[in-house]
Each structure stands twice: as C-alpha cells, then as structure tokens.
Amino acid sequence: METAVLLISCPDRRGILAEITGFIAKNNGNIIHADQHIDFQKGIFFMRIEWELEGFSLKKSEIEKAFKPIAEKFHINYQLHFSDEVQNVAVFVSKYDHCLYELLYRFKVGDLKGNLKLVISNHEDLRETVETFGIPFYYFPVSKENKREVEGEEIELLKRENINLVVLARYMQILSGRFVNTFRNRIINIHHSFLPAFVGAKPYHRAYERGVKIIGATSHYVTEELDQGPIIEQDVVRVSHRDTLEEMIKKGRDLEKLVLARAVKWHLENKILVYDNKTVIFD
Amino acid sequence: METAVLLISCPDRRGILAEITGFIAKNNGNIIHADQHIDFQKGIFFMRIEWELEGFSLKKSEIEKAFKPIAEKFHINYQLHFSDEVQNVAVFVSKYDHCLYELLYRFKVGDLKGNLKLVISNHEDLRETVETFGIPFYYFPVSKENKREVEGEEIELLKRENINLVVLARYMQILSGRFVNTFRNRIINIHHSFLPAFVGAKPYHRAYERGVKIIGATSHYVTEELDQGPIIEQDVVRVSHRDTLEEMIKKGRDLEKLVLARAVKWHLENKILVYDNKTVIFD
Amino acid sequence: METAVLLISCPDRRGILAEITGFIAKNNGNIIHADQHIDFQKGIFFMRIEWELEGFSLKKSEIEKAFKPIAEKFHINYQLHFSDEVQNVAVFVSKYDHCLYELLYRFKVGDLKGNLKLVISNHEDLRETVETFGIPFYYFPVSKENKREVEGEEIELLKRENINLVVLARYMQILSGRFVNTFRNRIINIHHSFLPAFVGAKPYHRAYERGVKIIGATSHYVTEELDQGPIIEQDVVRVSHRDTLEEMIKKGRDLEKLVLARAVKWHLENKILVYDNKTVIFD
Amino acid sequence: METAVLLISCPDRRGILAEITGFIAKNNGNIIHADQHIDFQKGIFFMRIEWELEGFSLKKSEIEKAFKPIAEKFHINYQLHFSDEVQNVAVFVSKYDHCLYELLYRFKVGDLKGNLKLVISNHEDLRETVETFGIPFYYFPVSKENKREVEGEEIELLKRENINLVVLARYMQILSGRFVNTFRNRIINIHHSFLPAFVGAKPYHRAYERGVKIIGATSHYVTEELDQGPIIEQDVVRVSHRDTLEEMIKKGRDLEKLVLARAVKWHLENKILVYDNKTVIFD
C-alpha cells in the first residue's frame, strides 16, 4: 500500500483542518492517519496526514502543484513524502559499539526503514564490526589541526552519497557550525543523560557524584549549541546507592541504544516536526 | 471559553474527516482540539473534536439538528457535550479510604470537574471522613438476603439525584447485571492488579505468592463479567523479594488512587470512547 | 514487636560485619533486617541492622554503653533508634495544598509513623484545611525586612515543640543558613523537577520551554545551597507535545506528593544515611 | 581481584549472620558484598556473601570443608562459587532473532560473563547470523514424532559440551519434563507477556484484544508447567489505542531482549536464589 504524507505547520486559523482534509477528500484520497496539534501559546497549527495513493485522482508528481494554493493561503510550511522513498543514512561512531550494533541490527532486519549507506569513525576499532554487516566503513582521524579539513571531506562524502540523515551513535567529536548547518534537523545525537541535566562531558560520572536516583538518555537534533538541540525522545532507569559507577554506565547503555533507535525510526517515518527548538512527534 | 465536543465512531469511509471538519468550518467554528483514530482491523473511525462556541453560527440547541444529516449519511454514533455541563457523580466505598480521600480532595479543589453529590457505603466507617468534606453519606448495609432490594434502593437514589457517573473506590461488593445495565459505561472501578493478571479476590496476596517483580492497578468500566470490562488506565510499580506483602499492598495503594483518579478525570472531560470492550482515550 | 535499629557508617575494614553481628548474637538478639553497603570509591562501610528487643539480654538503656567499645575500635558513626520512639514533625506550606493533603492524610491514617505536631505557613490560605485535621496552624508572614526575625521565632517554636523533622511541602521561601544548620539533615524539601535539571524557580515552565519528554520530582535534604542537598527520592512521568504547561503541572503534582511522602516515610523509619551529599536508602 | 561467593538459604535462626560473617572474618577474609534477606512468612534466611580470596587464610579447595560444620549446624543449603569460574551457555532459538542478537552481542563484548558454546535451533534460518559471530550452530528439526528422540540428542550434546545454562531466546517448542529436570533452575526462558497475564500462545494478540494499556515481558526459570516457573525479571512499556498489533509486538521485542539479558546476567553472576517457585535477586 503506497501512501503520501504531508507534514504541515502554519499560523493557527479557522478552517485549516477542513481545507486540508477537503483537498484530500475532493481528490478521492483515503486518509489512513491524521494527527493534528495546536500550540495555543504560540498560535501554531501542526499536522501529519497520510493517505493512500491508490485511487487518488492526482499523480504523485501533480500533488505538490495542486496543494500550493492552499499552502499559500494559510502560509503553510510543508513537507511532502511518499512511502516508497527511502532515505540514505550515515552513522558516525568513535569506540563505543552498543548504539552502533543496535542500528546495524535494526537496519539489517528492516525495523529501521532506510538505506544505511556508510559508517564514519575517527577510530579504526569498529571497522570489522561494520564490515561484517556489509556496510562500508570510512576512517577519518580528527585532530585539532585537521578538524576543519576533515569535516570538509566528510561533508563531501555525505553529499556524494546523497545522505539524508546523519546519526551520531556516541560519536565523541563536536561538529562545527558549518557541518550542523549543512544538515539542519537531519543530525540525530544520543546524549547519555536526562537533558538538560548533565550537559557536556562525563554525565554518568557527574550523575554518580550528585547521587541521583534515576538516570536517563536523550536523543536530539544537533544544533550549534552543545546538547541544546530539539529533544526527540528520552527515557530513564532507576539506580540506587547499590549501583557503582560502572553499573550505572551499563544500565545507561541499554537506555541509550533504545532511545536513539526510536528517534531514528520516527525520523525515517516522517513523524517529527521541529519548531521553536522543540519537537512534535506524531506517534 | 465555552466549547462543544463531538465524540464520534462509525464505519471508516472516505471523506468522513473532511465532512465533519467542513461542518464546523462552514459554521465558522474554531477547532481547538481534534484527535482521530482508525482501527483498521475492524474498519472503525473514531474522533473527538472540540471547538469554541463563541463566534459559532449555530446556537447550542441547533447543533444536533444540523449535524444529524451527516450522522445519518455516515452511520455515525455520536455524543455531543458542552463544556458548561457538569456531571453528577456518586462514589461507592467499603472500608478502605485511600481512593476515597483522593477523590474527595480532587473534587474539592476542582481538579476533577464534576459535582460529587453523594457517597454510598455498605459500612459506616467512612461517614465522618465524607461528611467532613461536606458530602452526604448514605449507609446501605448489604447481605446476601437483601442484596436485590438494597440495589433497587440505591438505583432509585442515584436516579433521583441525576447521577451520571458511579465510581467504585474499592467497593467490595459485586454489582448485579441490573445495576450494571442501568449505568452501562458509566461505572468506573479500580482493580488492584495489572489486569488480566489476578482477576477477582486478593490480587496482592496472589501476586506475592507468584513472586512477580512488578505490581499494577487497573481502572475499567464495569460490565457483567467480573474484572472483564473495558480497561481505561493501568499503571505499575516495581517490587522485589525485599517487599513483604504489607509493603506491596502499600505500594499498590499509591497506584490505585492515581489510576482511578485519571480514569474519572478523562471520563468527566469526555475523552473516552468505548467500543468492542476496549477504550480509545483522547488525551 | 519492639525493635532496635543501628545505623552505622565508618571506614571500611575487615571484620566489621562480623563484629557488629557478633555483638547482637552474643546478647541473644534476633536480627530481623540487616542491610549493608560499601562505597569502594570512598572506602566507607554503611549498615542498617534491626533486631528484636524481646529476649535481648541488654536493656534499652544499656545498649549504647555496651556498643561503644566497638564503635571506638572501628571509628563508627552511629545512630541508635527504638521502634517505640515517635518523631515530632512540622510541615511548612505556602499556598499549594496537594503535598499538604497527602501528608495530612498519611499521618492521620498512620501510614506515616510520626507525630504531626504543627503546620507553619507564610499565608493564611490553608488554615482551614489544616485545622479540619485537628492540627495547629501557625501563620508567619515573611517579608524581606522581617525574615531574620520571623525565622528566629519559627526556630523557637520548633524547639519548644521538640520537632525532629521539618517537611517543606512546596514552601516557597528560601531558608537561611542559620535555619538549615539548626536542623541539618532533618529538613526535607520537594523540588518540582528532576534535579539537577531545572534548579530554582519555575521548573515546569522551563521544562515546557525546553521541550523535555519526561518530567520529574525530587525530594532532598535541604542544605545552604539551593536545591543542591542530598537527593532522597526521584520519580518521573512521560509528557508529550500534547501536554500544555497546565497539564504538565498537574501531572507533576501527582509525582510531587508521592515522592515527598516516600522520603518522609523513609526518614521516619530511620532508613536513610547521609554522606558526602548523597543518601543510602535501606529500603 | 579474585573472589568467592556463598549463596545460602536455611531455616531462620538466631546467630546465623554472626556465624557466617565470623567464619569469613576469622579466616581474614575481606567481605566486599553481603546481602541478606529473611522471608518471615516462611521463616527462611537467605544470603549472598562475597569476599576477596587474596589474603584469605584458606585455599579455594579448603573452603568447602571448613564451612561444612556451620552448614550442618544451621541446616544450610549453599552454593560456593569462585569469580574465575566461567559457565558454559547454550542458546535455543527458532526464527525470531532479536533476543539472539542481543545475547550474541553481549557475550561477544563481555557484558555477559560466560562462554557461549553453541546455539541450537529447530530451523535453519539463523545459522548465518550465529556463525558470523563464530559460534557453532546445531540444527535439530523437531516434529511430534521425533521429539523424544531429538531431545535425547540435545541433552547428550549439552552434557558433552558441559553446558551449565540453557537460554531459550524465543524458542517456540515446549521442553519435556525429562529435559527440564535435567537442567532444573538452569533453563531461562523469555515469555512475551507480563506473567501471569497471557500464559501460553500469542500473548500480544491477546493483549491487543483485551485492550490493555501496558504490555510486558517476563524472564523465568522453566519448570514442567508452562510459564509457571520462578520469575526472574519483568519489565513493561505503555501502549495505547494508537498502537496496532504490529507496533505492540515491536515495542514488546525491545522489552524481551533486555529482560532476558538481565536474567542471564544475574544468573551468570550467581545473584539468584530460587525457593518456593520464587526468586531472590541479590542485585
């Protein structure tokens, strides 16, 4: 069953919902999901609407043109996606392999619907793991001196391979503003704390020192400010004085890999709208 | 801000969403919430739509008549509610007071939007507690012999007081089919287990015996079959071998009162649709 | 069944556990709970041990003297408690009543084993609520100008009433160092965020702005630095873009009252050891 | 750091704890973990005690003999383990690979401390996955007719390979009483529901039909009665009417693999005591 998805945000006004659903109904579309949200504080309307293309009176190539007048009338920002599109994904890693394995496994078995085209690392350690899964592995050693240059090469590679989404699976390097802006809202990071607690380095150590009773993990889009981007998903697990730092880290890793996998999944299924440094998740 | 709410279920067909939102838009209604759901297995469409009455071109008394042609065209079951309606509520208790207190408190401070008209009990124990909150307390001792007769009196009282919702706050009597049918989908019970585990009596004792690692509580609408009605809400808490039966019961009570309060809240805010012995919760 | 409890912390050394349990066994004590913990990073040994007084060969008044040589040999910090001691508790509130109600209810029904002697507030709003439960209510209006003086009066009242534990049930004033030091490790606060996220004012507003997917509440002992004291308990609940700020606040309140009640319960049952700005909870 | 672990259960009597810790102290052992539990209902004492072997005055081979008099005096059931022992593990699978992958990964990176010696399956599907990790894969097709015979061959293989633990990672065959008794308390299964809810086949389908709001997974030791063995670990995740059956199954799989991995980990670290069809987990 092939479908089309419209992701919409615009100033909230009377009649938007009727106009959009009317557009699909008039063209004989069968809506299978529609979820809508209004942020009353900001006065913004959000929608995700998905309908079957079979029986729809417009061809895929005609939809955008036909929808444009409505978009203009309501000042709508929209994305139009089709279920047969497949996004190309690149994963960045350093030495930790738990998130990487989770992604390799999920792409392999089709739980994540995308094309995992390549893995980039600043270390050689995980080459064999990646290549065992038949995925090309690129080694880009990064130092203070060559960082700008290496990032340039990475961007070039990502563009050449038509990468749509970059996933930082515990990649221990901070990306430059140039890199972040090239893939705005298309870089997902996993941070190993319950943000905004423990922004930056060594969050488990700091959580242990602080004596928290619950630890967490956060997946978010990367922006220029460290660990300040729109949060996609968070999860937590209970710890106690019985947990050593090592045990906290192990518990945390089980969170990290699931929280990252969920974020990547929603992104690839076009279920996320970003606005105002937040996310609307149409789950 | 006064609003109207339509709760809708019907066979899923093309154009329903457009037709309903078009009806509101055409009459100049400002939609503030719309949530819709399709059960594809059963082919049923569900919707909750809420719009402001200010500026709406139909009077409250005219809405139903104007909507009827759409309802007939799509074979829609619907409920129409207005935000200024207040439901009358009766609470049934026996001797446990934790759920009762939670409800008394929440009705008092307005967290639960309803009119708590009376409390009925088969024991005298909680009279003072109830009366301290200024709520009338009715004592109906029940025995095997008088059960049918007493239930008749209770139904009569509930009807006389125009009760819309009955809440069983750990009421330790099983209601007859006659009672249940009189208030179909309008009796909410709290069961002190994670249903369908431990249906019936003494669920904590049985959970303790079975050695479960998590216990739960379940709020549900009451049907003729014990603990088999549509589930509204559930929640759980972790236990371990360190918890004695008494400690499990205490942990469970903290769940029970919150799980029951949430169910009552959603019911009073017209956010629940029942179908096929399940619930759709438009939260 | 009357019992004695020893709470112990000391530098970790061979033979401590054997020595302590030997002391109790030698005097014919029946140990009913023993929980012990070692912080290997710091090299500290912690223990909570509880035994029956019936059949114990030492009188209550003799235990401390008999234990002293062991305490000295191992440089043990200890607290000795008896199950028939009842602690005196004072609750501080401002205008929010959800935590207050929870405490009033739990002290009333005996779920919290203590003597709730009085409630202090900087507003008159909750007088009736408190007095309905038969608890004395003291109104101490606080301003910048009179703060030092008022705190002096409060401390005097607390001492006159032999208060052992102060509970800040959403009390919206910051206590001075003098107050905090008078009741070191005996003031429990509830902070309406998942600390260390959102220290200070308006945590729900900031959580809403940040777009977090989970909110929390934290109970902790009060120290001179705001929201930096030893954490006793935390809990969380999921939120989404569907939750308005108001709904987040409501969800959070249900957490706050339970998280605070758990902390007070453990404190009153002598289950908490504080060290190094952390807690060991012997649950 | 090499250590010894004693796992103990016996009738509760005065002086046990002192006697056991005295035994270790007398021989100059440094206790690094001690956790003890009493089931007062049944009058049973449980303990896990771990101490360093360096500096201990008894050789490994002498410990058991030296401890025997205490064991006899108190009627103690005990297991003595050493941290340098490595258990041999066999995993049984059918066609689902999510639990298998999790185990293969964790054994490979050393998060699970054991020797994964072989994988047995009643299907050929996962051979490549297993062999990629360098683990021998055995295919034993099972039918009604040959079941008894095949199980005999499997038992023989497991004995030949000195298997200490059998893990059923979504193995879709019911083991005979003979098999179960050969590996009593050494077969861990993952059941894809929150037991005792939905014992037996197709638990997700039945959870979906019942309209539950939370689903779960349960790891347990296998006994002759289906899904009735001692529960080791459980976890849950929230679902709603928005989740189709397929989505529930996917959410559930993320639980299954973690809940199974935790159980296997605790077993291999000798942290589980079974009694009375329950478990004590010394975490």
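Residue numbering begins at 1 within each chain, and the chains themselves are lettered A, B, C and D in the order written.
Note that in this section a residue touches a chain if its C-beta (ideal position, glycine included) is under 8 Å from a C-beta of that chain, and two chains touch if they have at least 3 such contacts.
Owing to the predicted nature of the structure, the values given are computational and were not obtained by experimental measurement.
Colleague: Determine how many degrees of rotation, between 0 and 180 and to the nearest 5, align the Cα atoms of chain A with the equivalent atoms in chain C.
Modeller: 180
Colleague: Please state whether C-D or B-D has more C-beta contact pairs across its interface.
Modeller: Most C-beta pairs in contact, of the two: B-D.
Colleague: If you average the Cα atoms per chain, which one ends up farthest from chain B?
Modeller: D
Colleague: At the place where copies chain A and chain D touch, is the share of residue numbers found on both sides over half (same) or under half (different)?
Modeller: Interface between chain A and chain D is built from largely the same residues.
Colleague: Roughly how far is chain B from chain D, centre to centre by C-alpha average, rounded to an integer in Å?
Modeller: Chain B and chain D have C-alpha centres separated by 41 Å.
Colleague: List the centre-to-centre spacing of chain C and chain D in whole Å, with centres computed as mean CA coordinates.
Modeller: That pair's centroid distance is 37 Å.
Colleague: Could you list the positions in chain B whose residues touch two or more of the other chains?
Modeller: 40, 242
Colleague: Where on chain B is chain A touching in the complex?
Modeller: 14-15, 17-19, 21-22, 24-26, 28-36, 38, 40, 238
Colleague: Any idea which chain A residues touch chain C in the complex?
Modeller: Listed in rising order, the residues of chain A that touch chain C are 37, 39-41, 46, 194-198, 210-214, 216, 230-236, 240-242, 244-245, 276-281.
Colleague: Under the definition above, what is the set of chain C residues touching chain B in their complex?
Modeller: 97-98, 101, 105, 109, 111, 132, 242, 250, 254, 258, 261, 283
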